[in-house]
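Each chain gets a letter, A, B, C, D, E and F, in the order it is written, and its residues are counted from 1.
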C-alpha cells in the first residue's frame, strides 16, 4: 500500500476530492498547513507600513491506497490540483507498511 | 523503528493517550484534521435552508516507536479508539528510517 | 529521496527556516501540532482553581529532499532548533518513494 | 415621522412645559443618547453582524465597508446631503430639499429643531443615513471592489437616500399625503433592501453560488452584532419621537415586542420545518421583526407589535427562501427579504394597527384603514420603484468608471488580502 | 425598590418640580436609557460572557438560550407576567399580583407610573425579568436539551420570578416588612443563583466533570461580555432610582465602586493563593461585586460600597471553590456562588451599611441594624426556599414531558450541532 | 473644560431655567448616560481595541491590564485622587488639589457640582482617569510584568494624572491662563501618549522588533473596540459640556465629524502611498481624529472639525511612521503618534478654529488667535515635560522594586500563560 501525501492550493480541494471519489477512493484526511516555496508570499499593511508575509496557506491531503491505485491517485491529484501557476504544490508518495480499520480491526487493502 | 499514524475520533484522544502511556510510550504528536470517509457528515441550517457538510473533525496521532513495540501500539490504539461506530478511523504504519532527539543529539531507539 | 519531519518549538521556526534556506532548501511545509512528551505541560487557573494542561504547542516541519542532502538537513534542524531544554523535539526521517511537482508534472529530485 | 409629524405629536403628547421653540433639555438628553445608540447599531453592531456572516477571508472587507460608509456619508451629510434631505427645496420641495443648509450654513450652537438643538437633529438623522447605506453592503458582500463600493455609496446617498428621506420626513409629497413611516420602514429598510437586491443582480452571484455552502465564519460575532442592533434600535425608534415622553416610551416598548415576536416567529418556522431552531434563525427573525415594526413604532400598541413581529418572522422566513432558492439571486446576506420585505410589511400593517380599535394611536382626520392602506401602498411602490431605477443606473455608471467586481482569483483569495492587504486573524 | 419605595425616595430626593402624577421628561429620558442598558447586559453582554466560558462546540447553544429567553419572557410579560408581578392581586396581594394588567390592558401612551410613562416602567422591568431567567443558563450549560430549557423558562418565569418580584417590588409581604432590595439582590440574583444550583443538581454534572478540565473556549468573548455587564449595570442600579436625580447618581457611583472592589478582592485572593491573578478571576470578582452591591445600591455610600465589594470578591471566591471542589456540584458557570451568594451577602450587608453612621441613607423609621438584619434574613430565606422548591418541582414536571438532558453522544458532539445544526466557527 | 469653564459656558448656553445651584434632572440624565458611555470606551472598548492588536499569546494580558486599571484607579480616586484633582489645594492650588475630599468626605446624595449631583461628576471624571491610565498600556504591551504595571499605574495616576487634571480642570494655573482643553487633549491624550513613549523607551522594544512582523491576532476584535470607542466618545466630549444643551449637542456633532475626517484622512494617505486602504488604517485614523477633536470639541464648529479631523489623519499617519521607522521606538500600539501627537495637534488647532470667523465659539475676552496659540503651546509643553519627567522617574523607581519586563523566555511563551496562567482561546 501507499500513502499519497499532497500539498495543494486550498481552493482546489473540492475538485481534488471529487476526482478522487470518481476513482473509487472513499476516504482521505485533510489538514491546514502553511507552505514555503518558490511562490512568493504577500505584503500586508500595518498602520502605514508594509511588511512581507512569506508563508502561504496550503491544504494537505493524505490518501492511503493500494499499490495498484497509487499511480492513478497521483495522476488524479496532479490533474485536478493544477492551475499552472507557481505554488500549485507537490505530491509525495510513501510506502505504507500496514493499514487497519479501527472499527472492525480489518487490516491491509480491505481496511482502506 | 516505526511511525504509527492514527486517525481517530477527537473525544477518544484522552483514552488513547492513557492507554499508550500504560504501554510505556512517553511521547506523541497530535493534530487536528478533517476526515472524509464512509461516515456521513451532518446537515447545517442557514437561514431557513439546510445544506450538507461532509468533512468531519478528526484527530491525528503520530507515535514513533521501536519495531518491537509497534504491534502493541497499534493494538492499543485500536482498542482505545474504538466505539464500534462508523468513522472510528484508521491506523497506518510507516517505516521510520531514523529518529533524533534535538536536545541531546541522540538517535535511534534512544531518541524516542 | 527522504522526507524529513521535525517537531520543534514554535519560536525556533524562523531560525530553522533560515538555516534550511542557507542549505539551498527552498521548500517546506509547516503545521501546528500539539506535543506530549517528557516536557511537562503547564497549570492554568480557572476561577480560583488550578488544573493541569499537558499538551504543548509545537510546530511540525516537513521537508522533502534528496538522499544526499538529507543528513545535512537533519543536522541543520538539530542545530537551529536546539535550545538545550527539555521539549526541543524530534527529527524523523522517512524514505520518500516519489515526489511530483503539480504545476509542471516533474518528478524525482527535480520536483523538490 | 420626524420633523414632519412633530407638530402633530407635540400637540398630542408633549407635556405643557415645552413648546416648539424653546430648548427642552430632557428631550435633548434623550436625543443625544439616541444618536449614540443609532451609531452603535452600525459601528460596531451591523459591522459585526455582517462580518460574522461572511467567510473568514472577507471579514475585514465588510468591517471596512461599514466604517468607510460612516466616514463618507458624514462628509456628504455636512456638505450637502442634510440640506437635500431636510432643507426647503423651493419649487422642487415636493421632491427634494434645496442647498440652503449646505455646509450646515446657518447652524449655530443655539439653532433649534423642535425642542432640541438643530445640531443633535443633524447628528441623529446622519446616523440614519449611515446605517441605510451600510445595510446595502449585505447585498454585494464578498465580491465588490472597494473603490466601486465607495463611488456607489456616494452617489446612492445623494440620489436615493436624500430625496426619499425628503419625501417622507423633509416635507415632501409623501409627508403631504399622510404617509406613515415613523422611523424608516420606507426611508431606511425598503430603500436598502431594494438597493441590495438590485446590486446583487447587477454584480451577479458569488463564485460557487448556489452549489457551494458559504457558512458564516463566526456566528458569535454575528450574534454579538445582533444584540447591539436590538439595543441600538431603542434609540432608532424611541429617538424618532424626538422627545423623552410617552411616545418615545411606547415606541421603545413596541420595538422590543416586535423584535421578540420576529425572533419567535422565525424560530417557530424553523422548528416546524427542520425540527430544530437555529441561533442564526432567531437573530434573523429578530432583525426582521425590528425592521417591520420600525415604520409602525410610533403608531401601534404592544399587542399590535406582537402580531406585526410574528408576521415579520414568518413572512421574511419565506421571502428568504424564495429569493435564494426559487429566484436564485445571491443577495448574499439577505438584505432584501429581511429589510425590504420587512419594511414593506411594516408599512402596510401600520395602516391596520394604527387603528385605535386595535390599540393604536388612531388615524389622522379624514383617514381610515382603507385610505391609509392606499397611501401606504403608494409610498411603498414609489420608494421601491425610484430606488430600483436609481440604484441600477448608478451601478451602471460606476461600472463604466471602474469594474464593479474583483477578479475571480481575488474573490477566491479573499477581499481582505486583495483589497486591503490584511488578514482578519493571525497568530 | 422600584415602585414600592418610590414614594419614600421621591419625598427625600426628587426636586420640587416633579410630583408623582405628572410626567417628568428627564426621569423618562434616564429610564429610556436605563432600559437600553439593562437589555444590553443580556444581549449581547451576558450571552457573550457565558458564550466565551463554554466549550467551542457549545458556544451557540448558550447564545441561543439567552436570545430565546429574551423572546419568550417578552411574550409572557406582555401576556400575564407583568400583571402577576406588578398589578394588584386583591386578596392574594401579599403573595402575587392579579390579572388586571394582563395583555397590558389599560396601558396607553399617557399612562404614568410615578413620573414616567408606564410603558417605560413595563419595558424597564421586563429587562430585569429577562436577565434573571438568562442568568440561570449558566447552571445547566452544555447539557440541557433546548426544548426542555424553553419549557423550564416559561414555568420558572411565571412561578418564581413573578411572585418573588411581587413580594419585593409589587407591594407584597416583603415590601410591607421593610425589606431592602434596591435593584434585585433577592429578586434577580438570589433567585437565579438558587435556580441554577438546583438545576445543576437535578440534571447532574457534565460528562467528565470534575476530572476533565473544561477551559473557556474564548476568554476575549467573556471579557467583552464582562465589560458590557459593568456598563449596563449602571442602568440596572442607577435606573432603579426611577428618576434622574441624586439617588440615581449615588447608585451609579456605588455600583462602580462595588464592581471595582469585587474585582480587586478576587484578584487579591488569587494572587495570594496561586501567585498569579487571572483575568477570568478579575471579571468574576467584578460580577460578584456587582451582584452584591445591587440590593444595597440605593442605600449605601461609596465607602460602604468599597467594603461590600471587597467582601464580595473574597466570599464568592471561597464559595466557588466550595461548590465546585468540596460539594462537587457542576453549576457549570458558577451562578450560585457568584450571584446567589453575592446577592445574599449584599442583602445582609445592606442592613449594616444603610446606617447613616456608616455613610448610608439611614434606616426607615422604627428600624435599626438588628431589626433590619432580621427582615433581610427573612426575605433572603423565604426567597431562597421558594425558589429552590419551585425550581425543583418545575424541573421534575418538565422532565416528565421531555428529557432534560441531551444524550451523552450529543453532549460530546456538542449542543450547537445536535440542538441547532450550526457550528460557531467555520472557514 | 469641566468645572473650571462651566460658569462661562453656563452663561452662554444654558437656558434660563437652570441655575448653577439647583439640580437639573435633564443634565443629570445626560451625565449618567455619559458616564456609562465613557466607561464603555475602556471596558470593553479600548480593551478589545488593544486586545485584537497584540499577538494571540498576549491578548489576555492586555484585557487584564485594562480591567485591573479600572479597579485600582477607582480605589485611588475614592481615596485621594479625586481630591487631588478637584478639591481646593490651598496654597498649592495652582499645582494640585488638597485632601479635603479624600475618601469623598462630605459628599452626600444631595451634594451638587454645577447643576448635577456631585456623585455623578465624581463618577464621570473617574472614567476619564481610568481611560487615561489604560491608554498607556499600548506603549508597553506584550512585555511588561503585571506587578510592575500595577505599581506604575498607581504612582502615575497620583503623580501625573491628578496634578495635570488639576492644572486644567481643577482650577490650577492652566485654567487661570485661559488654556482651552474641552475634554482632555492635554489631560488625557497628551499625558497618555507621552507616558507610553517614555515607557516604550525605558522598557526597550519587544524581542524581534523591528525585523519581525507582529501582526494583530484578531482585527475583528480591534474593529469592534474601535466602534465602541467612537460611540463612547459621544459621552466623553458631549458629556464634558456637563449639561444636556446646545453645547453638548454641538460637541457631539463635531466629535462625530472629527472621527470621520480622521478616518478618511488616514485612508487617503494609505490609498495614495500603498494603493490600498486598510481597515486598521481607517480605525487608527478615526481614533486620531477623535483624540485631536477632543480638546477642541466644545469650541469649534462642524467645518472646523472637518479640517481638524483631516489634519489628524494625515499628521498622525506620518507620526506613526516616524516613531516606528525612523526613530525605531517600539511604542507597541502607537499610543504616542496617535494620542500624543493627535492631542497636541488638537490643542493647537483649537486656538485657530475657536475663532468665530471660522465657525467657532469665539475667543475669551482679551484673547486672540496669537495669544491663544501661545497659551496652548505653554500648556502643551508643560504637560508633556512634566509627564515625561515624572513617568521616567516612576519607572525607574518601580524598576528598583520589581523588574519591569518579563524574561525573554516568558515573552516568547506569552504573557497570558506566564503572568496569568490562562490562554485566550481553547477548544
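Please note the rule applied: a residue touches a chain if its C-beta (ideal position, glycine included) is under 8 Å from a C-beta of that chain, and two chains touch if they have at least 3 such contacts.
The shown structure was predicted, so the numbers you read here are calculated from the model rather than taken from an experiment.
Visitor: Which of the two pairs, B-D or C-F, is linked by more C-beta contacts?
Guide: When the contacts at B-D and C-F are counted, B-D has more.
Visitor: Round to the nearest whole Å and give the separation of the Cα centres of chain C and chain E.
Guide: Spacing between the chain centres: roughly 51 Å.
Visitor: At what distance in angstrom does the C-alpha mean of chain D lie from that of chain A?
Guide: 46
Visitor: Roughly how far is chain A from chain C, centre to centre by C-alpha average, rounded to an integer in Å?
Guide: Computed from C-alpha means, the inter-chain centre distance equals 18 Å.
Visitor: Where in chain A do residues touch two or more other chains at once?
Guide: Those would be 31, 44-45, 50, 94-95.
Visitor: Touching at least two other chains at once: which residues of chain D meet that condition?
Guide: 24-26, 29-30, 33, 215-216, 218, 224, 274, 276, 278, 280, 420-423
Visitor: For this entry, which pairs of chains touch?
Guide: A-B, A-C, A-D, A-F, B-C, B-D, B-E, C-E, C-F, D-E, D-F, E-F
Visitor: Once bound in the complex, which stretches of chain D touch chain A?
Guide: 212, 412, 417, 420-423
Visitor: Sort out for me which residues of chain D touch chain B in the complex.
Guide: 213, 215-216, 266, 269-270, 273-274, 276, 278, 280-281, 284, 317, 320-321, 324-325, 334
Visitor: Would you mind writing out the residues of chain C in touch with chain E in their complex?
Guide: Going by the criterion above, the answer is residues 44-53.
Visitor: Where on chain C does chain A make contact in their complex?
Guide: 3, 17, 26-31, 64, 94-103, 105, 111-112
Visitor: Under the definition above, what is the set of chain E residues touching chain F in their complex?
Guide: Listed in rising order, the residues are 13, 15, 17-18, 24-27, 29-30, 33, 37, 55-57, 215-220, 223-228, 230-231, 234-235, 238, 243-250, 252-253, 256-257, 260-261, 263-264, 267, 274, 276-280, 282-283, 286, 301-303, 306, 361.
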